[in-house]
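Next, two complexes with chain A in common: one pairs it with chain B, the other with chain C.
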Partner chain A sequence: MEYSLSDMYNIALMQGFAGLSLFAVLLLMGLGLAIIFGQMGVINMAHGEFMTIGAYTIYLFSTLTESFAPGLMNAYFPVAIVFAFFIAFAVGWLVEWGLIRHLYARPLDTLLATWGLSLGMQQIFRSTFGPKEVSPTLPDWLMGSWMPTEGVDIPINGMFVLALTILVTGGVLLALYKSRWGLRVRATVSNRTMANATGINTKKTDRVTFAIGCGIAGVAGAAFTTIGSTGPTSGSLYIVDAFLVVTFGGAASLWGTVVSAFGIAQTQSITEFFLSGSMAKVLTLLTIVTILMLRPQGLFAAKVRR
Partner chain B sequence: MMKKLSNWFSGGGYSFVVLAAVILVVFPLALDAFRLNLVGKYLTYGFVAVGLVMLWGWGGVLSLGQGVFFGLGGYAMAMFLKLEASSPENTAIQSTPGIPDFMDWNQLTELPFWWEPFNHLPFALIAVVAVPMLLAFIIGFAMFKRRVGGVYFAIITQAVALILTVLIIGQQGYTGGVNGITDLRTMLGWDIREDGAKLVLYFVNAVLLLGVIALCRWVQVSKLGTLLLAMRDKEDRVRFSGYDVSMFKVFVFCLAAGISAIGGAMFTLQVGFMSPSFVGIVPSIEMVIFAAVGGRMSLVGAVYGALLVNFGKTYFSESFPDLWLFLMAALFIGVTMAFPNGLAGVWEKYVVPRLRGKARERQPDTPPSPPSTALPTKPAPSGDLPKGISSQSA
Partner chain C sequence: MSDKNRPFNPTRRKLMFGAAALPLLSLPVSRYAFGAGPATSAVNTTGLAVTDTEVTVGQLHSATGTMAISETGSIQAEQLAIDQINAMGGVLGRTIKVIKEDGASDWPTFAEKSKKLLVNDKVATVFGCWTSASRKAVLPIFEKENGLLYYPTFYEGLEQSKNVIYTGQEATQQILAGLDWAHKTLGAKTFYLVGSDYIWPRTSMKIARKHIENVLKGKVVGEEYYPLGSTQFGSLINKIKLKKPDLVFGAVVGGSNVAWFKQLNAAGLTFKKQPMLTISVTEDEVLGIGGENVEGLYSSMKYFQSLDLPGNKKFVDAFKKAYGPKAVIGDVTESGYLGPWLWKMAVEKAGSFDVDKVVAASPGLEWNESPHGELKLDPNHHLWMRTRIGEWQKDGQAKIVFESDVIKPDPFPEGYQ
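So, the complex of A and B:
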């Protein structure tokens, strides 16, 4: 098949946008983890399940709205996203209280315990919502695509996820570097004993930080409902990608997370154009692992004496 | 020599003899052929768990990719068996006879060059151990030389597991895809599907496992074992004493990989197929939980852990499929929070002192028993040591 020059241009444009929306997805997945794993050093293998909580929240809201207030179908989505944050936040708060706080000194054991947690949560999802994948009914304004010129077709849900990602990332960056909470988090992370001595309630800081990370995972999951369906085991599909994004960027650096999500997404979508999907994935992962072996601390290592 | 031997026994020799009796005598007498084959399958996971005791318990390095090595060993074995099962006579109905059926389905017309050497059993047997160990060496050397450990190592091994599964599933024509390599029949003309063959394979498996435990125990009581423990607890001090810490870690990682691979090969022989579902992240983490439940410091305990969790899995997923995941979750959380040393830790902490107390009551004149191991057993100072890990249990 012959492509004309303008076809090539359009394909490049759409491929570029596909890469951008993958970037948004990866970044949203990684953001919560960048706080929990990158800042706090807790390995939360149940992170994917917190995303699933967010996704099921949207599904719940859409079903409720559809049956009780069909007129509000266009408005429920933003409200549901806020609720997705707070429900995941609340669950995260409880999990920190019941589980994580006992294991801060043993990071590898948090890994096992939270993996157990993720299994339990998956079974709860399965018992509550059934084993089948579900998708919420999306409001009309999220459907369809935007055609700036003839031949270019940019899906609106992709743009929505991108916008949401920019919003959340900006919010997290501001909160972490410009707010009192951020100051306390950074102090606690870099030197817990000293932070405690200066009067920072490190226990409370830990709990709020963990819960916020979980809340952001919830928002990520909520955003993903615009792209794909949700099942009990959806979370486990994301978890390795999320960890790689954070590790690759350099665990303690939020900017690193942004850059690594961008790099991974572009590599993936460019190789996908030439190879099959699975080989593109293998190639991308191999590249990440190789670079991580050469630069174990990730792209942007925090310059901290340990 | 005598001292070494006595160390060996006081550090777990009796439990080793008990384990040998259980898997060589009790199980074969008590179970029918089907159940015994099932136990044999569980014991192949015991190999991985034993490897993890060395790597994680003694070396202090947690790998979440042991399924990779288990799978590579299993696939190496399966490739040999598959080639034997697809002789030109057996595959005469295919468009290209003489190549495995899944290759024919995927329009391959000749055997890929890297399958060729697997026509020979000696090559396949060496590959079972050599390929995983080589991969472990590359990963280990690259990581440990740069002092990457702990969490980062765990995540990288997980990524490796993901890469391998995606690769196997994606390259259907060369690997059999999601279904894996199935329909394995004979090994050098010996039908491995018959009950008699399964019994023989069970005993080969059991003896190999006991041999591997003995080998690991030998490493543990040697100077190398002491150094591994020292390195796990205070890596810098061992490094400053002039030892090349990273090479010890590479060694123990390769050892664990080789052991897991033997388990994988035995799995293929006993179960009759190999598929990517034993390679990925989920099975790899389950293998860690076998070691954790049995006790990450105890070679023998790890085997019991593998048996117990798998029995539980079979029983509960048959009877109460909904409860199984909850139970597994409770096991993960409960063991890591309450019993960091697993069953072996519980045994050491609660049962052994009581037994000793009873024995002392009966014979008040005997002096208290000597410390159970020659390795230094100082109480864990709070803070820098993982809570509850001692070098006592073995």
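So, the complex of A and C:
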């Protein structure tokens, strides 16, 4: 036998974690979109750019900290993530007020408008940060790996993204199913007219919901700076995966998003181990297409009366 | 040499001037002072955009779109060379005027703009393109309109055109010497090949595999390609851990690079534990990846910013003066810088701006004090040059650990296709 048994065991462990960490990444990408597209029905083509806002926020904080307070390098990251949320939230708020709210009844127009928005935002990034891809300096505690036993390396940045995903997903699920805001959102989604009649301010609900979706995208982008680089067009790389996860899961179901992210990540990671990277991607997409042909509504279709 | 900026022998330059101006001495019609350059009718018989005081050239790169990241350096270096040449009095007494066109990372746009430059603007030459795709898109136009292109990127080879001068390395110049070095110095016998999924990495890896199997008698234990823009390399890293190759040979490009090296580092595969040689990482990439993530990685290139050569000191100083103290110079940026100089040399050797004469004068051009040292232009339109192995340091600069002899370019390597 070419490889020892402990080798195989270690690799299986690390491969399992690689799958989990891909799951975390996909889920974070899809989460904000699941709220905006899934709950509100808005096809937001600029979703990737909101992630890029988050990523650039981290970069900005990293550069500022490096030049003004190098002693705080170990502490800036969590603060920057919070800011990434609020900046993306604020921009989302403005976008909803200036653009989206006029187009709720016209889904195709939203698609075009948000696509234009995404191109505009890309140009703003390019003018502000330059065309080159940037990457923030990460705090020391985010680097390297955790070695529980000899031969097993678990990447710390992977664990960080996983933890952040659990936190954010938990928060969103709690908020949506246990809070007043969640109740209003779900009511608005199920039946807008009736929700309005019961005294829910659906306009305000829409704005907050859209902004929260954008804020979560910002957090996702911030988290990705630990694994990849950021450029003006990074958003267009994210958006395909984000839509894939949400569509596959069933647009209106948050649980569907979780399950679909898990399924895609595991398929991808397992096939990737036995095939080459490009082939694995093809196979994963084929699987998704096949399942969507059998279940056009996605894995979990929401039972909504319309 | 009185002026060390001059990349050629000044006495020969004066001779060329003299020879070109000789028949004009008898012409009373010349309207300009002698020494400014020969008459336009003598140096431009094909209707190029050359006046008594000015010569127009084109610059065709992506200033926008995804490739702007890479091409910005080339744009800056070409502009710097042109500014320096103008400061020295231009070419054949004419100041170089640049028409900049943006290919916008879109190959049809490249084709369209190259046609505009050649047909409408009648430029004397074009400096430009970066990806092989953009070069292939403009190639038929340059051949049809008989234009001249200086192409600055290291690339996969398998091409040679009368209308293109390739100032970067073709595949064998980067790969063979690099693998030989790894085999000899690191004792590498098993290799894992990794690249982005498009033509350059695939052709490069094909050549690498042949060399490993047929010449080094080594073994390729894995070969993988990831889609452009991929950011997840966890599974690949695990496979590398399982196979434990002596060397990972990489050609991952663009933003993927950052993800790839951050994740290697995070997975505990430091380059001390797992030696790795790449043909796609230059100072430009390291700036994005972060020095701490590439410490100990080897790159095979002709040029590094840290090269301790007199020609390079001047180049680096001038570049930083023009684009700020934090600017970095990668291999392709330096190739871009070579273009305008090689063109000036060829024009002055030919005593004419006519493309056919410039092309005919190009083979055999030598420049001993180029930023990367001596170079010679081969009849196959590629450059003779050295391959160097740099070991990346934490500060984002490379330490040169190996330097080959000057290697003859071989765009159609026999037995490697």
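Going forward, the second predicted complex is superposed on the first by the 304 of 306 C-alpha atoms of A that agree within 3 Å, B and C clash if a C-alpha of one lies under 4 Å from a C-alpha of the other, contacts with A are read in each partner's own complex, and residues count from 1 in each chain.
As a working rule, a residue touches a chain if its C-beta (ideal position, glycine included) is under 8 Å from a C-beta of that chain, and two chains touch if they have at least 3 such contacts.
Predicted model, so just to flag it, every value in this text is computed and none were measured.
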After the alignment on chain A, I want to confirm one thing: do chain B and chain C clash, or do they fit together?
fit
Who does A:T247 touch here: chain B (first), chain C (second), both, or neither?
first
Applying the touch criterion given at the start, work out whether A:M14 contacts chain B, chain C, both or neither, answering first, second, both or neither.
second
Can A:M143 be said to touch chain B (first), chain C (second), both, or neither?
second
Looking at the overlay, does A:R180 come into contact with chain B only (first), chain C only (second), both, or neither?
neither
Counting only touches as set out at the top, which of chain B and chain C does A:M293 meet: first, second, both, neither?
first
Which holds for A:S276: it touches chain B only (first), chain C only (second), both, or neither?
both
If you stack the two complexes on chain A, which partner ends up touching A:L108: first (chain B), second (chain C), both, or neither?
first
Between chain B and chain C, report the minimum C-alpha distance in the superposition, expressed in whole angstrom.
5
Once the two structures are superposed, pull the chain A residues common to the chain B and chain C interfaces.
126, 276, 278, 281
Where on chain B is chain A touching in the complex?
62, 64, 139, 142-143, 146-148, 150-152, 154-156, 158-160, 162-163, 166-167, 169-170, 281-282, 285, 288-289, 292, 322, 325-326, 328-333, 335-337, 340, 383, 386-387
Quick one: in the complex, what on chain A touches chain B?
41, 43, 99, 102-103, 105-109, 111-113, 115-117, 119-120, 122-123, 126-127, 236, 240, 243-244, 247, 276, 278-279, 281-282, 285-286, 288-289, 292-293, 296
Going by the contact rule set out above, which residues of chain C touch chain A in the complex?
63-66, 68-69, 72, 197, 223-227, 229-232, 234-239, 241-242, 254-259, 262-263, 265-269, 284, 287-290, 292
Please give the residue numbers of chain A that touch chain C in the complex, ascending.
3, 7, 11, 14-15, 17-19, 21-22, 25, 126, 130-135, 137, 143-145, 147, 153, 155-158, 224, 226-229, 231, 233-234, 237, 268-269, 272-273, 276-278, 280-281
